[in-house]
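Supplied in structure tokens, the structure appears directly below.
Labels for the chains are A, B, C and D, by order of writing; each one numbers its residues from 1.
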Amino acid sequence: MRVIVIGAGMFGASVAYQLARNGVAVTIIDHAHPGKATMAGAGIVCPWATRIEDPSWYEMYAAGGRFYDELIGGLNGAGETELGYRKVGALVTATDPDQFKEAGERIARRVATAPEAGDVRLLSAEQARAKFPVLREGLEAYFIPGGARVDARLLSAAMVRAAVALGAEFRTDYAALEFEGGRVRCRDGAGQIVPGDEIVVAGGAWASQILEPLGIAHPVKPQKGQIIHLRLAGVATANWPVLLPMTSHYMLTFDDSRVVVGATREDDSGFDYRVTAAGQAEVLAAGMDIAPGLVNAEIIETRIGFRPAGPSVKPIFGRVPGVEGLSVGNGLGAGGISIGPYAGKLLADIVQGKPTELPVSAYAPQRA
Amino acid sequence: MRVIVIGAGMFGASVAYQLARNGVAVTIIDHAHPGKATMAGAGIVCPWATRIEDPSWYEMYAAGGRFYDELIGGLNGAGETELGYRKVGALVTATDPDQFKEAGERIARRVATAPEAGDVRLLSAEQARAKFPVLREGLEAYFIPGGARVDARLLSAAMVRAAVALGAEFRTDYAALEFEGGRVRCRDGAGQIVPGDEIVVAGGAWASQILEPLGIAHPVKPQKGQIIHLRLAGVATANWPVLLPMTSHYMLTFDDSRVVVGATREDDSGFDYRVTAAGQAEVLAAGMDIAPGLVNAEIIETRIGFRPAGPSVKPIFGRVPGVEGLSVGNGLGAGGISIGPYAGKLLADIVQGKPTELPVSAYAPQRA
Amino acid sequence: MRVIVIGAGMFGASVAYQLARNGVAVTIIDHAHPGKATMAGAGIVCPWATRIEDPSWYEMYAAGGRFYDELIGGLNGAGETELGYRKVGALVTATDPDQFKEAGERIARRVATAPEAGDVRLLSAEQARAKFPVLREGLEAYFIPGGARVDARLLSAAMVRAAVALGAEFRTDYAALEFEGGRVRCRDGAGQIVPGDEIVVAGGAWASQILEPLGIAHPVKPQKGQIIHLRLAGVATANWPVLLPMTSHYMLTFDDSRVVVGATREDDSGFDYRVTAAGQAEVLAAGMDIAPGLVNAEIIETRIGFRPAGPSVKPIFGRVPGVEGLSVGNGLGAGGISIGPYAGKLLADIVQGKPTELPVSAYAPQRA
Amino acid sequence: MRVIVIGAGMFGASVAYQLARNGVAVTIIDHAHPGKATMAGAGIVCPWATRIEDPSWYEMYAAGGRFYDELIGGLNGAGETELGYRKVGALVTATDPDQFKEAGERIARRVATAPEAGDVRLLSAEQARAKFPVLREGLEAYFIPGGARVDARLLSAAMVRAAVALGAEFRTDYAALEFEGGRVRCRDGAGQIVPGDEIVVAGGAWASQILEPLGIAHPVKPQKGQIIHLRLAGVATANWPVLLPMTSHYMLTFDDSRVVVGATREDDSGFDYRVTAAGQAEVLAAGMDIAPGLVNAEIIETRIGFRPAGPSVKPIFGRVPGVEGLSVGNGLGAGGISIGPYAGKLLADIVQGKPTELPVSAYAPQRA
């Protein structure tokens, strides 16, 4: 059996890697869309702080978070070193006292059954600034040791490389699907048939257009995010925790004196690759508000990503009913970083006909 | 009537502009693909030198060349100033004497009936180097005054602006087609219906994937081109002629001391956006061979474009048989710059139900 | 006689061009500093609106503005086409009514003796928005037909090319000065002596460091400017007037649907090449405030320039007293675009020992 | 005592870090020149293969190589993680059999007294390709386990961060020196005096211009290098050894599927920041010749660096005779990566008046 995985974002890279680990032959085709959410995605693994309360959606978050240790361990064992992952802890704060109190209760309730979160502590404003020196003065914060940051671009590339090292094939190209005698077939950008027995569509925000030729209505829409990378030259940011101020914005750092401030959530912009005046101004203002120490930071770049979202964002993954040999994995929205690797593992199990760790029927795709 | 034009490359921009000039309401949707051929396209209008001998294909080239004066005049009249077009003349040469002789005969035969080519002259090697100072020594050349250069990126943007000034709407987004009750309907990237009565697909190398959901097999494939921009700082290149050395490579200049060397023709690479070691080396070698004076030039950038080509490249344009309200314009390959504006004019006439200047039935799209 | 001109910004390029026009042999050496003010400079020629009231400083502004017609005519005559200059008119407005009234009086007083400004008109808010469609509603404006925009990068490159076409030599390199037997000598970055009889230092913000080895204290300091380029895709901006809202910010457009919003004035930042969070936020806010129609514009780039300024910014140009063969031209600050070409003309006259149109002794450099 | 270190390349960053570790107050000023050799430098630590035979020059190489373990250990201990360093081993080969034999003898002789080189082995062509899969077929190679690669940009930034964490101050600015009452004084780009008792000039290729105002003739000249970064998408390159084909070119990889091919050595180009047609073609040809598997690799970027070199390149470091409070560290040429950190340590010792591990008088700067 050979499986064609379309899309090498977090979801697709994970599916490919997990299949390859199980000895399955894999062909990965990725279009290298400039706005691929994974390529823009600098993110946070900290399920315990999320304001999402839907139980099964939260269960995915929690399991996705737990799965990271196993994933990172496996990739390290395979010789991969550039994973873009570090468990630096998360700092949860809020400028509104009620929100802060709520966040504290939510976290306490959840970490009670999540030992991987570590010992959560309430930090004074001074303690919080000691951990995140550009933070606004006067803000208490909860510190969750198990929180981690992820550079999705590096992590997905590492999963692809690990898959390739296990025999998978990787191509940068467009993939088109068509029906041929009742089965789905894949052609590449030059029109040649790509050999394969099973096809997994993990095309993120572009999945709808990949599935459309098959007459499959796929509800995922692009949600545009603009995310700004700043440099604090000379400042050792490698071990700063991720910062969750309980707004739609957030902050995290990378080793090279880099601070990332995210992100807009633009639902009606379609595939608009532009960095906009208002988007840039919004993210800069949010960043300087919660972290005034960024005022003199250097703007390195603004990344654009299209999260695969929809009216009510929830994961979609599984076999497409009524279409032999076709599976889909998508719809993680802003949760792609937390959940992607784990959801990819579940989908790889489904494709191989194995039982899954969690019940997955709630996420099954519809046939239109 | 409102016409939706998908694609704002040379073909689509021309269709939209010509429709708008005729008072037709137009919505232009362009995906801003980074590898759009038009965006990479620095090109040459010089039909009389082409080695293409197929009579109807050549007739399109010749008519496309003739049309430029009218196009430029109209855009200038509309207040557009940044057209990227200048009639600097063409220098045709060859390192192989037989090829050079053949080229001379071909040109003489053609310009006999093409007064717009001007008085063609045979230049000595010294005269040729006076016009194109970095040229290899010892090469005679034909000078064709009517030859011109085009920056396709600027010219298509000018046609779009002129269309917008006439009331057209312009959007940067993905467009998806579907059948609904026997008619074709267009949705944008956010899934909203784009209102319109007629749809023109001018998606270039991406047209196949736009048409695929309708079950229409479209034979156009991407032909990748890598094209290098060099700077000769301080050198006044604005009036250098375009250079046609009778290979698949060519050279032209822009006003800002820029020399453009084109281009690879890669037929089997699909949509591969990468500048490659071999592609870069090929174009640099070809450039330095014919123009050793470029050795110390600065490399500014390499652009990637996907020409809409196919097994036997010929234009395809007209109404799609059996599908009401759907037209296609595509397949110009490396001729997109010479022919694009004119072919767009013809297709605009077809969409409006007007007679066309040339017979166009030979170019009609097939229904699969 | 051969003159070495160090620096190819507005001032140096003009000196070199004017010398070359007079048959003087010229060697231009430019270090291509990334933050050269000229390279970032998108500017405005509209002396009549400036709030500068110092009579001799204003006289330079006015003469600088008048000189543009002659300059542009000369370059066009020399075959230069890419000048980055257009007389689109200037729109002067203010959100504060008193400021607006003052501006009107200032303009009226000045244009009375400046026919080149054209017929100044007071526009209603609607008329103003018709000329500059993204402008805030409700703002009256004065329209000054003689106002022009300049892309300093293109204009200085054109002057260099015109000089080269007249025989000047152009090199991208560092130039170092030293005393040798009582005369000043110039070495290039490889340590070789650059032959020349006269040396003109037009190094802008870097002039102090060029002159320092000679023991000459030069008061010019860098004033950092961050300037943002936005795109309004599909919008024909080629003929929008420049916008002067009587703050330190301003706006102008280019032909390719580009709107430029300038600029910070940072006096104590030294040579700090970074785009900063606060600088970017300041300019975006200023732009969206006066022109809310920019909210959805695309950010293309932010340019950094170091204006050659100082405690009390005034032009400095002339022979350095006591040092044979050494001249300096500098200190134009934010006026480099308005005054640069004209001041370069004056300095070229000085170097040639010709009388100057205006008295220039007030601008003579000191010996330290 | 406060020491001002001018330049944050390999040499300066090391001086600053070593001083800060010893409790000395440090101010680092770096001009962020785009062509700083360190910023372009992707390099190799493998002293045992170098063709340099001058004993004291080789001694520096060898000591510089040995020092890396201590350096990396110290930075790791300080919490620095992004060091750009990995001991992946070196593959020494040659297309000329005599050269290969010579290289083998040279290595054998040197590693005899260098246990840190590890057990050198002769590999068959197949074994060599197993370690470096894009290598040309048929080439035997020596494998030296102790060879390492360095991303000088990351390593110098890590040393700066470690210095800052120990209290050093870091500024991006231009620094100018002048005499004042017999002592040297430093001013920043805004003309303000930078407080400090000792000044270390580690300005690399720019040091001559920093020292010139003091009348100090410094023999270092820029040697331009053009270095190309290629991507082999999906390929796990993290553990490939560095490749030394005994030409002036070399190859090394980074974790993100990146292969770096270096570099031109251009001695007479001065400070010319341009990527040139000939330079790019030379490096691509050299790379594809020794490693044909790069033919289809993606060109990511070309970096330009100016190595601080000179007629007979040798390190220069120590106190400047006759000028109190002034030291210089420079002249490492292409050896900056191997020697820089160690030479910085030696210079830090000198500045503190400590004895040095090696005799250093041979490297002392002259007073002109």
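What we mean here is this: a residue touches a chain if its C-beta (ideal position, glycine included) is under 8 Å from a C-beta of that chain, and two chains touch if they have at least 3 such contacts.
Source: prediction; values computed, not measured.
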### Message
If I rank C-D and A-D by number of C-beta contact pairs, which comes first?
### Response
C-D
### Task
Using just the Cα atoms, superpose subunit B onto subunit D and tell me the rotation angle to the nearest 5°.
180
### Task
Provide the C-alpha centroid distance between subunit B and subunit D, rounded to the nearest whole angstrom.
47
### Task
Averaged over CA atoms, how far is the centre of subunit C from the centre of subunit D? Could you give it in whole Å?
39
#### Entry: subunit A-subunit D separation of Cα centroids, rounded to whole Å
38
### Query
Do you know which subunit D residues sit against two or more other chains?
172, 233, 274
#### Entry: Contacting residues of subunit B [partner subunit C, same complex]
28, 79-82, 154, 157, 160-162, 164-165, 170, 172, 233-236, 238-239, 255-257
#### Entry: subunit D - residues contacting subunit B, complex
230-231, 233, 274-278, 280-281, 284-285, 287-288, 294-299, 302
### Summary
In their shared complex, subunit B is touched by residues of subunit A numbered 31-32, 34, 171-174, 176, 178, 188-191, 208-209, 212-213, 215, 221-222, 267-274
